[in-house]
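First, the structure itself, so that you have it in front of you.
Each chain gets a letter, A, B, C and D, in the order it is written, and its residues are counted from 1.
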Amino acid sequence: MTTAVVELWTEPPLIRYLAQSSARFVVVMTPAGQVLAQHGFARAVDLMGVAALGAAIMASSGALADLMGEATFGALFHAGQRHGIHLAVCRTPRGPLVILTVFGRETSIGLVGFFFDEFAAALHAAAPADRERGPILAEDFEAELGQSLASLFGR
Amino acid sequence: MPEDIRALSTVLAADPASLVYVDLAEVLRRRGDLEQALRVVNGGLTRHPEHADGLDCLGRIHASRDDLPRAREAWGRALAVAPDHPGALKGMGFALFREGDAHGALAVLERALEVAPADDGARRALDTVRRALGVESAVPALAPARPQPAVVPATAPCAPSVAAVGAAADAAAELPPVFRGLEGATADILLFDDRGLVVAGGLNGADGADVSALAAAGLAGVSSEAERTAQYLALGAWTTIVAEADRANLVLAPVGPGALLLVRRERGMPVGLALRVAERAHAAASAWLARQGE
Amino acid sequence: MSADLERALDRISRVRGVRGSMYVAADDGLVVAQLLMETVNGKAVAALAAALARKVGGAASATGAGRVRFLRMDAADGTLLIVPAPRDLLVVALTDPRVNVGLCRLEMMRAAEAAA
Amino acid sequence: MSLVNFTAREITCKIVYYGPGRSGKTTNLQYIYGQVPDDRKGRMVSLATQTDRTLFFDFLPLDLGMISGFTTKFQLYTVPGQVYYNATRKLVLQGADGVVFVADSQARQLDENIESLQNLHQNILECGVDTRTIPMVLQWNKQDLPRDLILAPAELDDALNFRALSAFPADALHGAGVFETLKAISAEVLRKLSQGASGRQG
């Protein structure tokens, strides 16, 4: 079981949701596919790839809904032999977040969907408003960047 | 001599360095021929002292012999050689749990499941440990460790669970006569706790064998499921579950905090009558539990 | 919702004290058809009833009782009734505490047959 | 918007390679993938058609290492170049921290380059982002082709580089210019972070 959280306010609802739904793991990400938090048995999974593809599925389904004059298609569910995935958007004061839930046969899409509603409400309540932030990096970052990229390319 | 033992022995005789010694020892262990199994596995480990499968098998044999310290040592050696060996991880989790270190067991079993996510045995074992700790997920375990379990849960991981069930069944036979005077007091009425451990009474299978531990482990999960259902559907506290099944009717009821009662009656008995029996059993169990707390 | 299923649910809901009845996909815990009072959360009933049925079903077979044909959970403020139906469905009813379980059970058995 | 995890001291940025069909966007990522050691990259994900044209996107996570005390990670994406895939291009562009516009240097592709660049501007605007402030660099790819088939960098500058952005001649197939392009866009994106611009804070 691993937990990685970028935005701390997501952690308590996330842990509760995973426990309630008996899912294998949950990824909270931005619509651009950047992982804000993940919790569960995800060590064997290519998390970055999962997030990029999950966000892409949500984005394309949203665009498709738009083309068809629907506000949204709501949650998406894919069933596999061993795993199912539940993908849905949760609206928060921090902007929309995409939630990917991977679950096994020990639970059901019904339970995941039911507890997701609670999770989405908890996330919405916990999210602080977006705030401006100051400079992140030192101004002289470029020398380090040059060295990093040079080592990346074996130069 | 059964065919599989004969075949494996022949292979091993032809090539004493063969790794088939593990399979042979495992077959012997499952047949209950523990001393012979120990000889075979020790013979193999003399030649292959760092063979993780062999060490894992040695752990299982010691566990079956109820020699937990040696079992733990064997699994520890296996993990020193192969830190992600699923069998050894499960074994170590089992050993730690039985020794009362539920937190240690939790960590090891979570690792086992990460290594082998499809391993139902590991998952069940993990569930048992989590229930014992009062946590539903592998959230950093905040609940205080409970006292060392008196009886091994039937869902203990991997092969040692067979021995565990046996041990639990032996223990059940010596349990206090809480339901004396009720029909089926030791074969159809079972009191167990929410960790799946038998407290009193007993349950026999169709062949007369004691299945108390197995039933307790399986039914313990029903309690939390019922609690969750009642909570989310705003039904208040749940009082009884009645299951009418092909061969028997089951009545399940919570008895005070953390204990559950199961009454089984044959399919032909009217459910109303089975409920009456359950009420009497419930009263007996409540009174007995209250006396234990005095 | 097909007319047969609708009629079957209607008959269950006519029993005094029944707050709602539904067909649920046993594996998924999703509502297939439902007839509910407004206060009942169908999604929750379906998901939780299917999970409970699965758990009790597994445990019952562990005790050698065989396949569960009728399941009832009594609680202080209500009762949940579940009958397995063909095509991996469950017939589920949520009732007041003092409902006539026998009558309800009968209608639920008929509803299960209607799903065949 | 780049993701900053102050607890783990980690920055994640999204960079999108944009440009007309067959200009060499996927080739850029493939070259980078081939050069970077395994422990500094994730799995490259490509959603392509049967003829290897990008259908949705390519995706390559890169670990740049420690910069200003932050573990810095880049997620490189490409978009499908063909005109009719605009809906998916827009989706991939969402949340981009920087854009590399890969132009095809062939003279006969000039109109496609112009059209794609205009399309990029329009899509950026539709994402609610100011085209003047989003970090962007240009790459004149296929400069290895015979002189009579291609436009020189100065000619491409005149035709496409109205904002006087950094531009790099390249031969992505063999790697020339790929590194310089990546370095330039990385610097542009990180400069924005050093100036305290937008970002999501953890």
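Throughout what follows, contacts are C-beta pairs under 8 Å (C-beta built on N, C-alpha and C of every residue); 3 or more make two chains touch, one makes a residue touch a chain.
This structure is a prediction, so every number in the text was calculated from the model and none was measured.
Trainee: Between subunit C and subunit D, which partner chains are common?
Mentor: Neighbours common to subunit C and subunit D are A.
Trainee: Between A-B and A-C, which chain pair shares more contacting C-beta pairs?
Mentor: Answer to which pair has more contacts is A-C.
Trainee: Please list the single chain whose C-alpha centre lies closest to the global protein C-alpha centre.
Mentor: If we average C-alpha coordinates per chain, A lands closest to the whole-structure average.
Trainee: Between subunit B and subunit D, what is the separation of their C-alpha centroids in Å?
Mentor: The mean C-alpha positions of subunit B and subunit D differ by 57 Å.
Trainee: Can you give the whole-Å distance between the Cα centres of subunit A and subunit C?
Mentor: A distance of 35 Å separates the two centres.
Trainee: With centres defined as the mean C-alpha position, give me the subunit A-subunit D separation in Å.
Mentor: 24
Trainee: Send over the residues of subunit C in touch with two or more other chains.
Mentor: 44, 48, 51
Trainee: Enumerate the residues of subunit B that touch no fewer than two other chains.
Mentor: Counting only residues that touch two or more other chains, subunit B contributes 232.
Trainee: For this structure, give each pair of chains that are touching.
Mentor: So, checking each combination of chains, I get A-B, A-C, A-D, B-C as the touching pairs.
Trainee: Spell out the residues on subunit B that touch subunit C in their complex, using ranges where they run on.
Mentor: The contact residues of subunit B facing subunit C are 203, 205-206, 211, 214-215, 217-219, 221-222, 225-226, 228-230, 232-250, 252, 262, 264.
Trainee: For subunit D, which residues are in contact with subunit A within the complex?
Mentor: 1, 3-5, 7-8, 10-12, 14, 35-37, 40, 42-43, 45, 47, 56-57, 59, 61-62, 64-70, 72, 75, 77, 87-88, 90-92, 94-96, 179, 182-183, 186-187, 190-191, 193-196, 199-202
Trainee: Would you pull the subunit A residues touching subunit D in the complex into a rising list?
Mentor: Of all residues in subunit A, those touching subunit D are 4-8, 30-36, 46, 48-49, 52-53, 56, 59-60, 63, 67, 94, 130-131, 133-139, 141-142, 144-146, 148-149, 151-155.
Trainee: Residues of subunit A touching subunit B in their complex?
Mentor: Checking each residue of subunit A against subunit B gives 1, 15, 18-20, 22, 24, 41, 43-44, 82, 104, 106, 114.
Trainee: Which positions of subunit C touch subunit B when the two form their complex?
Mentor: 41, 44-45, 48-49, 51-52, 55-56, 58-60, 62-80, 94
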